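Got a structure for you, questions after.
Chain IDs A, B, C and D follow the sequence of writing; residue 1 opens each chain.
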Amino acid sequence: MSITLAKAKEIIAAGEKKAAEIGQPMNIAVVDAGGNLISHVRMDGAWLGSIDISIKKAFTARAFDITTKDLGENAQPGQQFYGIHASNDGKIMIFAGGIPLKKDGKVVGAIGVSGGSGVQDHSVAEAGAAAF
Amino acid sequence: MSITLAKAKEIIAAGEKKAAEIGQPMNIAVVDAGGNLISHVRMDGAWLGSIDISIKKAFTARAFDITTKDLGENAQPGQQFYGIHASNDGKIMIFAGGIPLKKDGKVVGAIGVSGGSGVQDHSVAEAGAAAF
Amino acid sequence: MSITLAKAKEIIAAGEKKAAEIGQPMNIAVVDAGGNLISHVRMDGAWLGSIDISIKKAFTARAFDITTKDLGENAQPGQQFYGIHASNDGKIMIFAGGIPLKKDGKVVGAIGVSGGSGVQDHSVAEAGAAAF
Amino acid sequence: MSITLAKAKEIIAAGEKKAAEIGQPMNIAVVDAGGNLISHVRMDGAWLGSIDISIKKAFTARAFDITTKDLGENAQPGQQFYGIHASNDGKIMIFAGGIPLKKDGKVVGAIGVSGGSGVQDHSVAEAGAAAF
(Lines give C-alpha, C1' and ligand atoms only; values in the text may rest on other atoms or scores of the structure.)
Protein backbone atom coordinates (compact mmCIF):
# COMPACT_ATOMS: atom_id res chain seq x y z
CA MET A 1 0.00 0.00 0.00
CA SER A 2 1.73 3.09 -1.23
CA ILE A 3 0.86 6.78 -0.85
CA THR A 4 -0.13 8.30 -4.20
CA LEU A 5 0.88 11.79 -5.25
CA ALA A 6 -2.79 12.76 -5.13
CA LYS A 7 -2.97 11.62 -1.51
CA ALA A 8 0.29 13.37 -0.63
CA LYS A 9 -1.13 16.60 -2.02
CA GLU A 10 -4.21 16.22 0.21
CA ILE A 11 -2.01 15.66 3.24
CA ILE A 12 0.07 18.71 2.39
CA ALA A 13 -3.03 20.82 1.71
CA ALA A 14 -4.35 19.95 5.18
CA GLY A 15 -1.01 21.00 6.63
CA GLU A 16 -1.04 24.26 4.69
CA LYS A 17 -4.54 24.98 5.96
CA LYS A 18 -3.45 24.48 9.57
CA ALA A 19 -0.31 26.59 9.05
CA ALA A 20 -2.43 29.41 7.64
CA GLU A 21 -4.75 29.17 10.65
CA ILE A 22 -1.91 29.57 13.12
CA GLY A 23 -0.33 32.24 10.95
CA GLN A 24 3.05 30.58 10.52
CA PRO A 25 4.24 29.72 6.98
CA MET A 26 5.74 26.24 6.79
CA ASN A 27 7.72 23.81 4.69
CA ILE A 28 5.79 20.55 4.39
CA ALA A 29 7.05 17.28 2.92
CA VAL A 30 5.64 13.79 2.47
CA VAL A 31 7.72 10.65 1.92
CA ASP A 32 6.63 7.14 0.95
CA ALA A 33 7.24 3.75 2.56
CA GLY A 34 10.78 3.81 1.19
CA GLY A 35 11.49 7.14 2.86
CA ASN A 36 11.68 8.80 -0.55
CA LEU A 37 10.17 12.23 -1.19
CA ILE A 38 6.77 12.31 -2.89
CA SER A 39 6.13 16.03 -2.61
CA HIS A 40 7.28 19.21 -0.88
CA VAL A 41 5.96 22.75 -0.61
CA ARG A 42 7.46 25.89 0.87
CA MET A 43 4.71 28.35 1.76
CA ASP A 44 5.38 32.00 0.92
CA GLY A 45 7.64 33.52 3.55
CA ALA A 46 8.63 30.22 5.18
CA TRP A 47 12.24 29.79 6.31
CA LEU A 48 14.75 28.74 3.67
CA GLY A 49 16.61 26.56 6.15
CA SER A 50 13.45 24.56 6.74
CA ILE A 51 13.26 23.15 3.21
CA ASP A 52 15.91 20.60 4.09
CA ILE A 53 14.60 20.06 7.60
CA SER A 54 11.01 19.30 6.56
CA ILE A 55 12.18 16.67 4.07
CA LYS A 56 14.54 15.15 6.62
CA LYS A 57 11.94 15.12 9.40
CA ALA A 58 9.68 13.11 7.11
CA PHE A 59 12.54 10.75 6.29
CA THR A 60 13.41 10.34 9.95
CA ALA A 61 9.83 9.62 11.02
CA ARG A 62 9.64 6.81 8.45
CA ALA A 63 13.21 5.64 9.02
CA PHE A 64 12.44 4.79 12.65
CA ASP A 65 8.61 4.62 12.52
CA ILE A 66 8.37 7.24 15.25
CA THR A 67 7.57 10.93 15.60
CA THR A 68 10.71 13.06 15.55
CA LYS A 69 9.41 14.57 18.80
CA ASP A 70 9.55 11.19 20.51
CA LEU A 71 12.84 10.28 18.88
CA GLY A 72 14.26 13.60 20.04
CA GLU A 73 13.45 12.85 23.66
CA ASN A 74 15.47 9.68 23.35
CA ALA A 75 18.30 11.40 21.51
CA GLN A 76 19.29 13.95 24.16
CA PRO A 77 22.67 13.71 25.87
CA GLY A 78 22.61 10.77 28.27
CA GLN A 79 19.65 9.08 26.54
CA GLN A 80 19.74 5.77 24.70
CA PHE A 81 19.81 7.20 21.16
CA TYR A 82 22.11 10.15 21.79
CA GLY A 83 24.27 10.54 18.67
CA ILE A 84 21.71 9.16 16.23
CA HIS A 85 21.66 12.54 14.44
CA ALA A 86 25.15 11.74 13.15
CA SER A 87 23.89 8.67 11.28
CA ASN A 88 22.36 8.34 7.82
CA ASP A 89 24.56 11.01 6.23
CA GLY A 90 23.00 13.83 8.19
CA LYS A 91 19.40 12.99 7.30
CA ILE A 92 18.20 12.41 10.89
CA MET A 93 16.29 15.26 12.55
CA ILE A 94 15.64 14.91 16.28
CA PHE A 95 13.15 17.67 16.99
CA ALA A 96 9.38 17.91 16.60
CA GLY A 97 7.64 18.05 13.22
CA GLY A 98 7.91 14.57 11.72
CA ILE A 99 5.07 12.03 12.06
CA PRO A 100 4.70 8.55 10.52
CA LEU A 101 1.68 7.90 8.32
CA LYS A 102 -0.02 4.60 9.11
CA LYS A 103 -2.44 2.38 7.20
CA ASP A 104 -3.97 -0.55 9.07
CA GLY A 105 -1.34 -0.16 11.77
CA LYS A 106 1.53 -0.24 9.31
CA VAL A 107 3.77 2.73 8.57
CA VAL A 108 3.54 3.52 4.86
CA GLY A 109 5.18 6.93 4.81
CA ALA A 110 5.60 10.10 6.83
CA ILE A 111 5.02 13.85 6.93
CA GLY A 112 7.66 16.38 7.92
CA VAL A 113 7.00 20.01 8.84
CA SER A 114 9.41 22.86 9.59
CA GLY A 115 8.99 26.59 9.85
CA GLY A 116 7.98 27.52 13.37
CA SER A 117 8.38 26.40 16.96
CA GLY A 118 8.45 22.71 17.76
CA VAL A 119 4.89 22.90 18.98
CA GLN A 120 3.74 24.61 15.78
CA ASP A 121 5.58 22.22 13.50
CA HIS A 122 4.13 19.20 15.30
CA SER A 123 0.58 20.56 15.21
CA VAL A 124 0.78 21.18 11.44
CA ALA A 125 2.20 17.69 10.92
CA GLU A 126 -0.69 16.26 12.96
CA ALA A 127 -3.20 18.15 10.81
CA GLY A 128 -1.57 16.70 7.71
CA ALA A 129 -1.45 13.19 9.14
CA ALA A 130 -5.11 13.42 10.10
CA ALA A 131 -5.97 13.91 6.43
CA PHE A 132 -4.47 10.53 5.60
CA MET B 1 9.89 39.67 -8.23
CA SER B 2 9.59 36.32 -6.55
CA ILE B 3 7.73 33.16 -7.60
CA THR B 4 4.87 32.39 -5.21
CA LEU B 5 3.96 28.87 -4.13
CA ALA B 6 0.65 29.26 -5.98
CA LYS B 7 2.53 30.07 -9.17
CA ALA B 8 4.98 27.20 -8.63
CA LYS B 9 2.04 24.82 -8.32
CA GLU B 10 0.64 26.06 -11.65
CA ILE B 11 4.01 25.52 -13.31
CA ILE B 12 4.25 22.02 -11.89
CA ALA B 13 0.64 21.21 -12.84
CA ALA B 14 1.41 22.18 -16.44
CA GLY B 15 4.44 19.90 -16.34
CA GLU B 16 2.38 17.04 -14.89
CA LYS B 17 -0.19 17.48 -17.65
CA LYS B 18 2.48 17.24 -20.33
CA ALA B 19 4.07 14.22 -18.65
CA ALA B 20 0.71 12.47 -18.58
CA GLU B 21 0.22 13.23 -22.28
CA ILE B 22 3.50 11.63 -23.25
CA GLY B 23 2.86 8.78 -20.81
CA GLN B 24 6.05 9.17 -18.78
CA PRO B 25 5.78 9.89 -15.02
CA MET B 26 8.18 12.61 -13.88
CA ASN B 27 9.73 14.36 -10.94
CA ILE B 28 9.19 18.10 -11.26
CA ALA B 29 10.75 20.83 -9.11
CA VAL B 30 10.63 24.63 -9.03
CA VAL B 31 13.23 26.86 -7.36
CA ASP B 32 13.19 30.59 -6.67
CA ALA B 33 15.65 33.35 -7.62
CA GLY B 34 18.02 32.19 -4.89
CA GLY B 35 18.04 28.64 -6.23
CA ASN B 36 16.05 27.41 -3.23
CA LEU B 37 13.28 24.83 -3.62
CA ILE B 38 9.69 26.09 -3.64
CA SER B 39 7.94 22.84 -4.51
CA HIS B 40 8.52 19.33 -5.81
CA VAL B 41 6.28 16.47 -6.92
CA ARG B 42 7.03 12.89 -7.86
CA MET B 43 4.33 11.47 -10.07
CA ASP B 44 3.18 7.93 -9.33
CA GLY B 45 5.66 5.48 -10.80
CA ALA B 46 8.40 8.03 -11.50
CA TRP B 47 12.03 7.05 -10.85
CA LEU B 48 13.28 7.42 -7.28
CA GLY B 49 16.70 8.55 -8.47
CA SER B 50 15.09 11.44 -10.26
CA ILE B 51 13.88 13.16 -7.08
CA ASP B 52 17.35 14.51 -6.50
CA ILE B 53 18.03 15.14 -10.18
CA SER B 54 14.90 17.21 -10.76
CA ILE B 55 15.71 19.47 -7.82
CA LYS B 56 19.33 19.83 -8.94
CA LYS B 57 18.42 20.52 -12.55
CA ALA B 58 16.24 23.39 -11.35
CA PHE B 59 19.10 24.65 -9.16
CA THR B 60 21.57 24.41 -12.04
CA ALA B 61 19.34 26.26 -14.50
CA ARG B 62 19.09 29.15 -12.03
CA ALA B 63 22.73 28.96 -10.93
CA PHE B 64 23.95 29.69 -14.45
CA ASP B 65 20.82 31.23 -16.02
CA ILE B 66 20.85 28.61 -18.77
CA THR B 67 19.02 25.42 -19.71
CA THR B 68 20.83 22.35 -18.48
CA LYS B 69 20.65 21.11 -22.06
CA ASP B 70 22.71 24.07 -23.29
CA LEU B 71 25.05 23.90 -20.32
CA GLY B 72 25.56 20.21 -21.02
CA GLU B 73 26.74 20.91 -24.53
CA ASN B 74 29.42 23.22 -23.13
CA ALA B 75 30.36 20.75 -20.40
CA GLN B 76 31.43 17.84 -22.60
CA PRO B 77 35.07 16.72 -22.69
CA GLY B 78 37.10 19.28 -24.60
CA GLN B 79 34.48 22.03 -24.16
CA GLN B 80 34.94 25.22 -22.14
CA PHE B 81 32.96 24.14 -19.08
CA TYR B 82 34.08 20.52 -18.90
CA GLY B 83 34.40 19.70 -15.22
CA ILE B 84 31.65 22.08 -14.04
CA HIS B 85 29.64 19.07 -12.77
CA ALA B 86 32.25 18.72 -10.02
CA SER B 87 31.42 22.18 -8.61
CA ASN B 88 28.76 23.30 -6.14
CA ASP B 89 29.02 20.18 -4.00
CA GLY B 90 27.48 17.88 -6.56
CA LYS B 91 24.46 20.03 -7.27
CA ILE B 92 25.23 20.67 -10.97
CA MET B 93 23.34 18.58 -13.52
CA ILE B 94 24.57 18.78 -17.11
CA PHE B 95 21.85 17.05 -19.07
CA ALA B 96 18.49 18.19 -20.39
CA GLY B 97 15.51 18.98 -18.14
CA GLY B 98 16.32 22.27 -16.39
CA ILE B 99 15.02 25.60 -17.73
CA PRO B 100 15.29 29.11 -16.23
CA LEU B 101 12.06 30.98 -15.55
CA LYS B 102 12.20 34.60 -16.73
CA LYS B 103 10.19 37.69 -15.86
CA ASP B 104 10.80 40.83 -17.93
CA GLY B 105 14.01 39.27 -19.26
CA LYS B 106 15.36 38.53 -15.79
CA VAL B 107 15.78 35.02 -14.39
CA VAL B 108 13.66 34.70 -11.23
CA GLY B 109 13.74 30.94 -10.76
CA ALA B 110 13.85 27.66 -12.65
CA ILE B 111 12.07 24.38 -13.29
CA GLY B 112 13.79 21.00 -13.24
CA VAL B 113 12.35 17.77 -14.62
CA SER B 114 13.66 14.21 -14.46
CA GLY B 115 12.09 10.86 -15.17
CA GLY B 116 12.46 10.05 -18.85
CA SER B 117 14.75 10.63 -21.81
CA GLY B 118 16.48 13.99 -22.20
CA VAL B 119 14.01 14.96 -24.89
CA GLN B 120 11.05 14.03 -22.68
CA ASP B 121 12.43 15.82 -19.61
CA HIS B 122 13.12 18.96 -21.60
CA SER B 123 9.66 18.97 -23.21
CA VAL B 124 7.95 18.64 -19.83
CA ALA B 125 10.14 21.46 -18.45
CA GLU B 126 9.17 23.60 -21.43
CA ALA B 127 5.49 22.94 -20.78
CA GLY B 128 5.96 23.98 -17.17
CA ALA B 129 7.95 27.08 -18.09
CA ALA B 130 5.26 28.08 -20.60
CA ALA B 131 2.76 28.26 -17.74
CA PHE B 132 4.85 30.94 -16.05
CA MET C 1 14.94 44.44 -2.71
CA SER C 2 18.38 42.93 -3.07
CA ILE C 3 21.68 43.83 -1.42
CA THR C 4 24.16 45.17 -3.97
CA LEU C 5 27.86 44.37 -3.88
CA ALA C 6 28.55 48.05 -3.14
CA LYS C 7 26.28 47.84 -0.10
CA ALA C 8 27.81 44.54 1.03
CA LYS C 9 31.25 46.17 0.91
CA GLU C 10 30.00 49.00 3.15
CA ILE C 11 28.60 46.50 5.63
CA ILE C 12 31.86 44.58 5.66
CA ALA C 13 33.93 47.77 5.98
CA ALA C 14 31.92 48.74 9.05
CA GLY C 15 32.59 45.31 10.48
CA GLU C 16 36.30 45.58 9.74
CA LYS C 17 36.42 48.96 11.47
CA LYS C 18 34.82 47.52 14.60
CA ALA C 19 37.13 44.50 14.55
CA ALA C 20 40.15 46.80 14.32
CA GLU C 21 38.85 48.83 17.26
CA ILE C 22 38.56 45.78 19.49
CA GLY C 23 41.86 44.47 18.19
CA GLN C 24 40.59 41.11 16.96
CA PRO C 25 40.97 40.24 13.24
CA MET C 26 37.83 38.68 11.80
CA ASN C 27 36.32 36.86 8.87
CA ILE C 28 33.23 38.72 7.67
CA ALA C 29 30.69 37.53 5.11
CA VAL C 30 27.46 38.91 3.64
CA VAL C 31 24.78 36.82 1.93
CA ASP C 32 21.71 37.87 -0.04
CA ALA C 33 18.03 37.04 0.38
CA GLY C 34 18.62 33.61 -1.12
CA GLY C 35 21.38 32.84 1.39
CA ASN C 36 24.01 33.08 -1.35
CA LEU C 37 27.38 34.73 -0.69
CA ILE C 38 27.87 38.27 -1.97
CA SER C 39 31.25 38.99 -0.42
CA HIS C 40 33.74 37.75 2.15
CA VAL C 41 36.93 39.12 3.67
CA ARG C 42 39.49 37.58 5.99
CA MET C 43 41.38 40.24 7.87
CA ASP C 44 45.14 39.75 8.22
CA GLY C 45 45.84 37.30 11.00
CA ALA C 46 42.26 36.05 11.34
CA TRP C 47 41.65 32.34 11.96
CA LEU C 48 41.62 30.09 8.90
CA GLY C 49 38.86 27.94 10.37
CA SER C 50 36.65 30.97 10.57
CA ILE C 51 36.43 31.47 6.80
CA ASP C 52 33.86 28.70 6.59
CA ILE C 53 32.17 29.66 9.84
CA SER C 54 31.61 33.30 8.89
CA ILE C 55 29.98 32.30 5.60
CA LYS C 56 27.82 29.68 7.32
CA LYS C 57 26.78 32.02 10.13
CA ALA C 58 25.53 34.45 7.50
CA PHE C 59 23.68 31.62 5.74
CA THR C 60 22.14 30.44 9.00
CA ALA C 61 20.94 33.90 10.03
CA ARG C 62 19.11 34.20 6.71
CA ALA C 63 17.95 30.58 6.63
CA PHE C 64 15.95 31.05 9.82
CA ASP C 65 15.63 34.87 9.95
CA ILE C 66 17.24 34.95 13.39
CA THR C 67 20.59 35.77 14.95
CA THR C 68 22.76 32.70 15.38
CA LYS C 69 23.07 33.73 19.02
CA ASP C 70 19.32 33.40 19.54
CA LEU C 71 19.12 30.24 17.46
CA GLY C 72 21.92 28.78 19.54
CA GLU C 73 19.98 29.28 22.74
CA ASN C 74 17.14 27.24 21.27
CA ALA C 75 19.48 24.59 19.92
CA GLN C 76 21.03 23.45 23.20
CA PRO C 77 20.37 19.95 24.54
CA GLY C 78 16.80 19.75 25.78
CA GLN C 79 15.69 22.81 23.80
CA GLN C 80 13.17 22.77 20.94
CA PHE C 81 15.72 23.03 18.11
CA TYR C 82 18.39 20.74 19.53
CA GLY C 83 19.84 18.86 16.55
CA ILE C 84 19.26 21.63 14.00
CA HIS C 85 23.03 21.88 13.49
CA ALA C 86 22.86 18.50 11.73
CA SER C 87 20.55 19.89 9.02
CA ASN C 88 21.29 21.68 5.77
CA ASP C 89 24.38 19.62 5.01
CA GLY C 90 26.47 21.08 7.81
CA LYS C 91 25.78 24.72 6.96
CA ILE C 92 24.01 25.60 10.24
CA MET C 93 26.07 27.43 12.86
CA ILE C 94 24.51 27.74 16.31
CA PHE C 95 26.77 30.21 18.07
CA ALA C 96 26.93 34.01 18.06
CA GLY C 97 28.09 36.04 15.05
CA GLY C 98 25.30 35.85 12.46
CA ILE C 99 22.66 38.58 12.16
CA PRO C 100 19.84 39.01 9.61
CA LEU C 101 19.81 42.21 7.55
CA LYS C 102 16.34 43.76 7.34
CA LYS C 103 14.76 46.24 4.97
CA ASP C 104 11.28 47.53 5.84
CA GLY C 105 10.91 44.72 8.34
CA LYS C 106 11.78 42.02 5.79
CA VAL C 107 14.95 39.94 5.91
CA VAL C 108 16.88 40.52 2.69
CA GLY C 109 20.22 38.99 3.65
CA ALA C 110 22.58 38.48 6.56
CA ILE C 111 26.05 39.12 7.92
CA GLY C 112 28.25 36.46 9.49
CA VAL C 113 31.35 37.09 11.58
CA SER C 114 33.88 34.68 13.02
CA GLY C 115 37.33 35.14 14.52
CA GLY C 116 37.01 35.87 18.20
CA SER C 117 34.81 35.17 21.19
CA GLY C 118 31.06 34.95 20.74
CA VAL C 119 30.67 38.40 22.23
CA GLN C 120 33.28 39.85 19.88
CA ASP C 121 31.84 38.16 16.80
CA HIS C 122 28.34 39.37 17.62
CA SER C 123 29.49 42.95 18.25
CA VAL C 124 31.31 43.08 14.91
CA ALA C 125 28.25 41.66 13.17
CA GLU C 126 26.12 44.31 14.85
CA ALA C 127 28.45 47.04 13.65
CA GLY C 128 28.18 45.69 10.13
CA ALA C 129 24.40 45.36 10.31
CA ALA C 130 24.13 48.92 11.59
CA ALA C 131 25.74 50.13 8.35
CA PHE C 132 22.88 48.61 6.35
CA MET D 1 55.61 36.41 1.90
CA SER D 2 51.87 36.44 2.32
CA ILE D 3 49.17 38.32 0.43
CA THR D 4 47.49 40.90 2.68
CA LEU D 5 43.77 41.60 2.59
CA ALA D 6 44.57 45.07 1.27
CA LYS D 7 46.49 43.54 -1.63
CA ALA D 8 43.74 40.98 -2.28
CA LYS D 9 41.24 43.82 -2.53
CA GLU D 10 43.45 45.55 -5.13
CA ILE D 11 43.66 42.35 -7.15
CA ILE D 12 39.91 41.90 -7.00
CA ALA D 13 39.29 45.56 -7.88
CA ALA D 14 41.43 45.14 -11.00
CA GLY D 15 39.40 42.10 -11.91
CA GLU D 16 36.13 43.94 -11.33
CA LYS D 17 37.33 46.77 -13.58
CA LYS D 18 38.14 44.34 -16.38
CA ALA D 19 34.81 42.53 -15.95
CA ALA D 20 32.96 45.84 -16.19
CA GLU D 21 34.90 46.69 -19.37
CA ILE D 22 33.89 43.46 -21.08
CA GLY D 23 30.35 43.80 -19.72
CA GLN D 24 30.20 40.46 -17.92
CA PRO D 25 29.59 40.41 -14.14
CA MET D 26 31.90 37.99 -12.36
CA ASN D 27 32.65 36.20 -9.14
CA ILE D 28 36.25 36.85 -8.13
CA ALA D 29 38.19 35.18 -5.32
CA VAL D 30 41.75 35.36 -3.98
CA VAL D 31 43.43 32.68 -1.87
CA ASP D 32 46.71 32.76 0.02
CA ALA D 33 49.76 30.48 -0.06
CA GLY D 34 47.82 27.94 2.00
CA GLY D 35 45.02 27.85 -0.56
CA ASN D 36 42.70 29.49 1.96
CA LEU D 37 40.25 32.22 0.96
CA ILE D 38 41.27 35.83 1.65
CA SER D 39 38.40 37.56 -0.11
CA HIS D 40 35.56 37.02 -2.55
CA VAL D 41 33.13 39.28 -4.36
CA ARG D 42 30.08 38.53 -6.50
CA MET D 43 29.36 41.41 -8.84
CA ASP D 44 25.70 42.39 -9.24
CA GLY D 45 24.02 40.02 -11.66
CA ALA D 46 26.80 37.42 -11.68
CA TRP D 47 25.84 33.73 -11.71
CA LEU D 48 25.05 32.16 -8.34
CA GLY D 49 26.70 28.90 -9.36
CA SER D 50 29.95 30.75 -9.90
CA ILE D 51 30.44 31.70 -6.25
CA ASP D 52 31.69 28.22 -5.50
CA ILE D 53 33.56 27.89 -8.78
CA SER D 54 35.55 31.12 -8.39
CA ILE D 55 36.74 30.10 -4.94
CA LYS D 56 37.61 26.60 -6.12
CA LYS D 57 39.43 27.84 -9.23
CA ALA D 58 41.63 29.95 -6.97
CA PHE D 59 42.22 26.95 -4.70
CA THR D 60 43.05 24.74 -7.67
CA ALA D 61 45.49 27.21 -9.19
CA ARG D 62 47.41 27.32 -5.91
CA ALA D 63 46.98 23.62 -5.16
CA PHE D 64 48.93 22.70 -8.30
CA ASP D 65 50.72 26.00 -9.03
CA ILE D 66 49.21 26.12 -12.50
CA THR D 67 46.43 27.95 -14.32
CA THR D 68 43.19 25.99 -14.32
CA LYS D 69 43.21 26.44 -18.10
CA ASP D 70 46.49 24.54 -18.39
CA LEU D 71 45.45 21.97 -15.82
CA GLY D 72 42.22 21.48 -17.74
CA GLU D 73 44.07 20.59 -20.92
CA ASN D 74 45.88 17.85 -19.02
CA ALA D 75 42.69 16.67 -17.32
CA GLN D 76 40.67 15.73 -20.41
CA PRO D 77 39.79 12.08 -21.07
CA GLY D 78 42.91 10.25 -22.18
CA GLN D 79 45.27 12.87 -20.71
CA GLN D 80 47.66 12.32 -17.81
CA PHE D 81 45.58 14.04 -15.13
CA TYR D 82 42.15 12.83 -16.22
CA GLY D 83 40.12 12.22 -13.07
CA ILE D 84 41.90 14.87 -10.94
CA HIS D 85 38.57 16.71 -10.55
CA ALA D 86 37.41 13.87 -8.31
CA SER D 87 40.19 14.58 -5.80
CA ASN D 88 40.33 17.06 -2.90
CA ASP D 89 36.69 16.64 -1.93
CA GLY D 90 35.39 18.24 -5.10
CA LYS D 91 37.50 21.40 -4.83
CA ILE D 92 39.37 20.94 -8.13
CA MET D 93 38.14 22.98 -11.11
CA ILE D 94 39.59 22.09 -14.50
CA PHE D 95 38.45 24.92 -16.71
CA ALA D 96 39.82 28.41 -17.34
CA GLY D 97 39.68 31.21 -14.76
CA GLY D 98 42.23 30.32 -12.08
CA ILE D 99 45.75 31.79 -12.13
CA PRO D 100 48.57 31.47 -9.57
CA LEU D 101 49.96 34.66 -8.06
CA LYS D 102 53.76 34.72 -7.99
CA LYS D 103 56.31 36.73 -6.02
CA ASP D 104 59.97 36.38 -7.04
CA GLY D 105 59.08 33.26 -9.00
CA LYS D 106 57.32 31.63 -6.08
CA VAL D 107 53.58 30.99 -5.93
CA VAL D 108 52.12 32.80 -2.91
CA GLY D 109 48.42 32.56 -3.72
CA ALA D 110 45.97 32.55 -6.59
CA ILE D 111 43.01 34.30 -8.16
CA GLY D 112 39.87 32.52 -9.38
CA VAL D 113 37.23 34.00 -11.66
CA SER D 114 33.88 32.62 -12.82
CA GLY D 115 30.88 34.19 -14.50
CA GLY D 116 31.36 34.10 -18.23
CA SER D 117 32.99 32.08 -20.99
CA GLY D 118 36.34 30.45 -20.35
CA VAL D 119 38.05 33.17 -22.36
CA GLN D 120 36.31 35.92 -20.37
CA ASP D 121 37.03 34.31 -17.00
CA HIS D 122 40.70 33.87 -17.86
CA SER D 123 41.08 37.46 -19.09
CA VAL D 124 39.56 38.86 -15.89
CA ALA D 125 41.84 36.63 -13.84
CA GLU D 126 44.83 37.90 -15.82
CA ALA D 127 43.81 41.50 -15.16
CA GLY D 128 43.61 40.73 -11.45
CA ALA D 129 46.93 38.89 -11.44
CA ALA D 130 48.58 41.80 -13.25
CA ALA D 131 47.68 44.05 -10.32
CA PHE D 132 49.75 41.88 -8.01
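As a convention for this text, a contact is a pair of C-beta atoms (placed from the backbone, for glycine too) under 8 Å apart; a residue touches a chain by one contact, two chains touch by 3 or more.
Please read these numbers as outputs of a predicted model, since none were measured by experiment.
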Original post:
Using each chain's Cα centroid, which is most distant from the centroid of chain A?
Top reply: D
Original post:
In degrees and to the nearest 5, what turn takes the CA positions of chain C onto those of chain D?
Top reply: 180
Original post:
CA centre of chain A versus CA centre of chain B: separation in Å?
Top reply: 25
**OP:** Could you tell me the distance, in whole angstrom, between the mean C-alpha positions of chain A and chain D?
**Re:** 42
**OP:** Let me have the rounded angstrom distance from the C-alpha centre of chain B over to the C-alpha centre of chain C, please.
**Re:** 31
Original post:
Considering chain B alone, which of its residues make contact with at least two other chains?
Top reply: 34-36, 89
**OP:** Classify the chain contact graph as line, ring, star, complete or other.
**Re:** other
**OP:** Could you run through all the chain pairs that touch each other?
**Re:** A-B, A-C, B-C, B-D, C-D
Original post:
Which of the residues in chain A end up touching chain B in this complex?
Top reply: 4-5, 8-9, 34, 36-44, 48, 51
Original post:
Okay, in this complex, where on chain D does chain B touch?
Top reply: 47-50, 52-53, 56, 72, 75-77, 85-86, 90, 92-96, 117-119
Original post:
Okay, in this complex, where on chain C does chain B touch?
Top reply: 32-36, 89
Original post:
Which positions of chain C touch chain A when the two form their complex?
Top reply: 34-35, 60, 62-65, 77-78, 80-84, 86-90, 92
